[in-house]
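Here's the structure we're looking at; comments come further down.
By written order: A, B and C. Residues from 1 in each chain.
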Amino acid sequence: MTDTAMAATALGKRFGRRWGLPRSGEAGTGGGWALRDCTFRLPAGRVCAVVGPNGAGKSTLLALAAGLLAPSEGRVTVLGTDPASARARVGYVAQDKPLYPQLTVAETLLVGADLNPARWNAEAAERIVSAGDLNPKARIRTLSGGQRTRVALALALAKQPELLLLDEPMADLDPLARHELMGTLMSQAAQHGTTIVMSSHVVAELEDSCDHLLLVGGGRVRLAGEIDDLLAAHARVSALSEAADLEPHTVVESRVTGRQLTALLRPAGRLPDDWRPTRPSLEELVLAYLRNPQAAPLTPATSEESAV
Amino acid sequence: MVEYRIDRHSGVATYVQIVQQTKQALRLGLLRPGDKLPTAREVVEATAINPNTVLKAYRELERDGLVEARRGLGTFVRRGLSTAPADSPLRAELDGWAVRARKAGLDHDDVAALFIAVLDTHFADHDQHSQGDPS
Amino acid sequence: MTALATPVAASAPQAGPTRRHLRWLLRLHRPALYAWGALVAVLVLVLLALWGPLLDSSAAAWRDYNASCAPGSEHCRYDQNAIIRYRDVYTYTTFTMNALPFLVAAWSGAALVGRELENGTARLAWTLGLSPTRWLAVKLTVPAVLIAAGTSLLVLLHRLAWEASQGRVDTAKSWYDDPTLHANGPTAVALALAGLAAGALAGLLIRRTLPALLLGLGLAFGLYLLAGLALPHLWPTVSNVTGLDTGYAYEGIEVDSGLVTSSGAHIDDPGCGTTTTDGCAELYTKLDATGFYVDYHPESHYWPLQLTTTALLLAVTVAVTAAAFVLLRRSTATSHGRREAAV
């Protein structure tokens, strides 16, 4: 189990009760299921992108993994145990980067040290904060969104987590800080083998940093797996429309322009050379699935089924 | 020491860029046998790319026999890459060919396209690296 | 609320988790701590004044009044201001002490719990390493200790000040005067603790600062009413029967009253008055009434009533606290109750 950082089995979360709505507004599916039938396995040491449109259930998934929400059905395990037992070894940064507004930056770091003394790395926290040129005496409520993100990341990283869950971590950052903090995250992963799971609705932001993908849409997992494997399992083809028979293949998206048929599909066998198959980019793949909600999902569960 | 510059829009897979830039540094003599490559941590901190990408590139270089990983110490250059010296017969032949091409009325771009086409025919296995290239 | 008893981890070199969690809480709520300290200090000073100089000058004024202002006397001289000052200060202080549970409930609902859930800092604490259960336990235990200590001190001083006034200040409040009753004994402490728990439950229920403040206030007010309504019925009353010509005679908290018939039955009092009033004797004959009865609590019941009401309030406080913990554990993942937490 130790090589699995995070796994979900038929995981679901329903918001319906009046008081139970999360602040992030992720219950976009209308008071019903924010997440449903979610099954995947994330090996340890990966940097996983959780992508999907706003309201797709990304935040709910991360909050479930962090033990902040109890699942309505199914189960999720992190670091080989249940989320509540793993809390000390998991770092989490929520989308709105909550911090105590009345405290100063320095006091906020002291809070982090007091709440998790066993794993706290004060030096790391101070390095991240000082890289942002933050006055330690500044009150949190006076900080900009990007500065708050920096402090929130410092808190999560100084905890030296084995699993780091980041909900839209880069949204508030300028390009320079984004690059620098992403570098810090990658360095953490390289040095400690930290598994990082980060959500975003901007795929390009994650393309270079992530090696694993979880595509969530409409509260369900649409794609899950190593990015290389997922890209290799798909092909972009273009062929003469009357001659092409897409039948045996799983078509994600197809379009006919004049006599030309272009499609993104999962080949069931060898593709004819004159279809000129090419490997899609990550962004093309994600967009194709998001544009076509009816496309069959590709997750470890479905590939196991088809392998039988 | 080399510093990698990752161009996200080049269309070349990230790990291939690292392999190519390392080889370039070896050819230019920026890296010599015994030199240490930057650690994965140093590379990803500077470039914000995934650590596994760096490790994949280093494994590729190791397979080519250019570098070796020493446990706990880092990755070190084993041998340099010599480019053909300026006065070699190959260079002279190419020189003569270029003069003839110019006389035949080919311009710079024509010659480059021709050259790459021939390269691709004769060094097809080299093309493997670029498979991740979506373009 | 027993979570503070967790043994100090051997790995923590300078401070155990208890001290660290205490430091975290005080860092967050320092203004509230200072405000509470200042409020208690001011009330202590006022109560000391009420017990000492203010009481002395008022008692002296009453002595002068009684000595010089008998009907027909010509030189009625006394310090009326001293009497009014004492009465006003006593009234406001007693009122403030009665308001403490509401203050506590409002703070607990809004600042202690509601705001943290609203702006997500509760989740921050949970992911930094404080489990939700421990988070709530620390949040309730520390204020509970401070509130219990503060209100106990105030109640003690109020009681001493009030006792000293008996027989010396003619308009001193009786033991059963409602605000005095709730400022004079342990029910005040229990009500403040109930307010803390009620606020926390409100905060967990609503997860918004302002609505939680209002619900906390509402719940505390409900508990205050409950305590007032329940108190007279938590101990057997004493019954006093008097003749139809004397009327009701009792000193204390009345629970029931009316007429006694010749058979000993209790019937409603038509409200006529004693037989000295015209027509009442005939009415009573018609009703077969032989006297007035009143079921009440004399002063000797003061401690039984205080203690039973306190016990009731503490039981409700424990129930409300338990409800808050259950609510929290149902909404967050817990290592033990995961299965039961699933909806």
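The criterion applied here is as follows: contacts are C-beta pairs under 8 Å (C-beta built on N, C-alpha and C of every residue); 3 or more make two chains touch, one makes a residue touch a chain.
Chain identities (UniProt): A = ABC transporter ATP-binding protein; B = GntR family transcriptional regulator.
All of these numbers come straight from a predicted model, not from anything done at the bench.
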item: Chain occupying the most central position, where position means C-alpha average; value: A
item: Chain whose average C-alpha position is farthest from chain B's own; value: C
item: Distance between chain centroids, defined by C-alpha means - chain A, chain C (Å); value: 52
item: Chain B-chain C separation of Cα centroids, rounded to whole Å; value: 82
item: Whole-Å separation of chain centres (CA-atom averages), chain A against chain B; value: 33
item: Chain C to chain A touching residues, read off their complex; value: 9, 11-12, 15, 17, 20-21, 23-24, 27-28, 31, 118-121, 123-131, 205-207, 330-335, 338, 341-343
item: Chain A partner contacts - residues on chain B that touch it in the complex; value: 6, 8, 14, 39-42, 44-54, 131-132, 134
item: Chain C-touching residues of chain A, taken from the complex the two chains share; value: 14, 19-20, 23, 63-64, 66-73, 75, 82-85, 87-88, 90-92, 94, 96, 98-103, 107, 110-112, 114-119, 155-156, 159
item: In the complex with chain B, residue positions of chain A that touch it; value: 45-47, 179-180, 182-187, 189-191, 207-211, 228, 231, 278-281, 284
